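There are two complexes below, and they share chain A, which is joined by chain B in the first and by chain C in the second.
And now, the complex of A and B:
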């Protein structure tokens, strides 16, 4: 190998080392703040982890706090239920879109996608009025997990639909035609042909929609008050309520971003696949 | 073709849920936009107000400022992200050891909750605690206080967004670049074309659909940025980083000026739709031609 190529490879390598450091720096700093005692926080900032002075007390304080436990549980329930609901509904919708000659298909597809494009702040007011106004006896949608699970469909369902349509389109029609010829019903075809073949795509859809639901803040903060608050709203409350407890703030933030970071390696190829698919299909 | 009724039944739950969560709120906000309705006002009952809310908006300095800030922010982040993203995509396509790892690390910010991104940058920028104020003081002798200096706050919000979303541009452009046909590139090199010439005449035209999609996605997201800015600056100092989403929230909730907030929402939605529609038309037009 000639020297020019070698040195340019080395330069690129060093460039990416520096870029990665730049990307990780803020997160690393937050981790450091979360494992330091209050006394160690101020003064000259150090990016080195002092193992002997490391403490888990911020995490312990947060995790043993009943309010925070509730937020965490709510987030888990809302994100998981929403991801499952959305993946199932979108699979059915994608199958319908892919295999049936539905009138006005293209417009319908565009309309579904517009729901994801809409700026959420625009819909805060009507949603707030709907959530507080829709009552069955004493029960209203406001401040319930069910409310959030349904509402998160507005951005996750179009996304799942978009992703799964490409996946269902890629399943050869001959396979379900053959099953129909054998006398299978639509339901059987969905369960025995489409579902198994779409499973990898469904997993990606499920994971990504789960992350989106977990990450959501604006709706959760305005449409819940006590019972159904999620971890993202809890994180925002830290700034306004306790203000200066940076260690615990950092611990909550670390716990908020942890799940997304953990699944990153699993889905990163598909983030791209989903997006390139969009570039090709619009 | 099989019975379309079955097809409609399969797609019905999706359409129904989106109708309830997307269409009904839209119609609702459309109706409230024409009402004079403030639950804290002397008369808290909603009354029909015609286009009064919209007339008020045109002269509302705070609203116009917020719109302007949002556009400025969008322009800054889009331009920076496209340039940096293109460069990074080129760099990431080179043959480098540990490429997969670098790529994963680079993708990380995309998955982090915006509110946590805000928290991260807040910890970086809090005076006395964060390293950025410390460095600014030590190296440039600049007093860096986000809650005091509007320009610093705005610049930090832009940098935070670049950190957060550039990876998306990198990844899409990389996908686009890897689909570039080799042949015209080689032909151009043989003909002795310069790198700029190749970029303008070959790379860019081929990349156009991908570029437009990327701009489309980023435009929509940038226009509605709320969470991370709220966490980092709270919209401050004053209203200097109060983007449109935050502004609407303030009018609707603490002030409960429902009618006015609805009108504001409608204008914002209208402007977003116009911009996205123009891009969408450009995109579909492009695809038709390439077919």
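And now, the complex of A and C:
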């Protein structure tokens, strides 16, 4: 191997090491904070892990905290329900738009997409009024998980619809037609042909909408108070007027990060396949 | 098995008529080929029979039953698509068994029928593979097996061989014909390849511009074309045409004189390359423009005034370019068409 190629490879390697460090060092720092005692934390800051002084007490405190448990459960329920609901609705909408002659379909598609372009904060006040004003007896959408799930659907659907539209369009129409001739109904075609073939796209849609709902802070902090509070809003509660419990805050942050990282790792392969689906099927 | 009847069946998209109302009666067990150039309406006709396109006018009947408004799944037809339309996420066995699964046939029955259909098209060793692991010919067989497994009333095949290479096409052609004969099913086959049409069909329907040009057996269409389009479309090389004029029962044109003919006025003479015989006393003459040996025969392209015509000659015959050749036709081998309307006059 000649010297030029070797040095170019070395440079590339160093570049990616630097990029990885840039991304991972804050996470590493957060982990260090989460496994140190309060006394150690302000003693001697270091990037190295001191195994003898390492402690899991912050994690133990957080995990045994009923409030944290509730926030975590809320987040999991809201994010997962939102991802499932959005993916399902978006697939149905994308299928209808792709296969059936609907009046004004191009305009509808444009309208749905442009709706998503408005800054979410614009809708905050009307949504607050709607969530508190719409009542059935004592029940209102305010501070309910169903309220958050429905709201996140509104914000995630246009994006999911746009993503799945391209994927359904790339599935050859002849497959639907072959299935119809083979005796299938529209629902059977959707379930046995379109759904399995759109799976990579659905995985992408699911994970991206899940992450959106998992990370969302603005609406969750405004439209919930006690019962439906999610973990992202819970994080802020460690910053109080009497001080900040950095150790527990970092432990919660690590625990918040874990499910998202896990889901991403599991479906990473599908994400690449999903995003390039149209291109390779072309 | 079904008898298929089209009564004034037509197709329009708004003001645009793509298929003029056509009448056609396809007998039970018949192999009918819809033939024509691209955009002639043959695939549209087939898709209307399958129920994939709405019928704009007229009535479609299977065994006398009106099926015009029926959904494709209720018509008991099977279709083989040009690009096979195999489900890429299913194995060969699942592809073949899909119509049975949709019809909720019990798993054991389904398996037996899948294996029987696979045996008919020699696919047994490939049942657990996916379509992406198969060659073009094997995919074609899967599509055929999927059609077979339903025991449909009507088989529809939309240019099923057009994606195969020439050698495989010939082999599959024979297999499809053999399959149709052995099963005795009604088969409607769309193609733009006239050789396929001639070799496969019991009857050929030749379409152009959304209109039927002629319906007949391959021999009828080849020997007795009803108009210039049919005469020019069928045959390889296509029929030779020489425009001229007829008067007093004889036809005269560039390189031809005193040819007995019916009718009068502007006529077009048509004759086939293989009906010509070189003869020094022949009534036709022209100069050699090009010589095309094919191995089994030599085709001479002859310049006759503004027209170029093909003669089929002995495989070793190699005349010099520019030589004048004379040739003649046997009795009944000269066909005459009205030049203006294109219709046959004799």
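Convention: the second predicted complex is superposed on the first by the 255 of 282 C-alpha atoms of A that agree within 3 Å, B and C clash if a C-alpha of one lies under 4 Å from a C-alpha of the other, contacts with A are read in each partner's own complex, and residues count from 1 in each chain.
One rule holds for everything that comes next: a residue touches a chain if its C-beta (ideal position, glycine included) is under 8 Å from a C-beta of that chain, and two chains touch if they have at least 3 such contacts.
Predicted model only: the values in this text are computed from it and were never measured.
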Chain C versus chain B on the shared chain A, clash or fit after superposition: fit
Touch count on chain A, higher of chain B and chain C: B
Touching partner for A:90 - first (chain B), second (chain C), both, neither: first
Chain B versus chain C as contact partner of A:175, first or second or both or neither: second
Contacts of A:196 with chain B and chain C, given as first, second, both or neither: second
Inter-centroid angle chain B-chain A-chain C after superposition on A [Cα, multiple of 10°]: 100
Touching partner for A:163 - first (chain B), second (chain C), both, neither: neither
Partner chain(s) touched by A:45 [first = chain B, second = chain C, both, neither]: first
Which of chain B and chain C A:115 touches, first, second, both or neither: first
Gap in Å between nearest CA atoms once chain C and chain B share a frame through chain A: 7
Residues of chain A contacting chain B in one complex and chain C in the other: 180
In the complex, chain B residues that touch chain A: 1-2, 4, 6-11, 13-15, 17-18, 20-22, 24-26, 28-29, 32, 88, 91-92, 94-99, 101-116, 119-124, 126, 128-131, 134, 163, 168, 171-172, 174-176, 209-210, 213-214, 217, 220, 223-224, 226-227, 230-231, 234, 244-246, 248-249, 252-253, 258, 261-262, 265-266, 268-269, 272-273, 276, 280, 283-284, 287
Parts of chain A lying in touch with chain B, wherever the complex brings them together: 8-9, 12-13, 15-16, 19-20, 23-24, 26-27, 29-30, 33, 41-42, 44-45, 47, 89-90, 92-93, 95-97, 99-103, 108, 112, 114-115, 117-130, 150-151, 153-154, 157-158, 161, 180, 186, 211, 214-215, 217-218, 222, 232, 235-236, 238-239, 246, 249-250, 252-253, 256-257, 260-261, 263-265, 268, 271-272, 275-276, 278-280, 282
Residues of chain C that touch chain A when the two form their complex: 50-52, 71-73, 75, 77-79, 81, 83, 85-89, 98-99, 102-103, 146, 150, 156
Residues on chain A engaged by chain C in the complex (per definition of touch): 172, 174-175, 177-185, 188, 192-193, 196-197
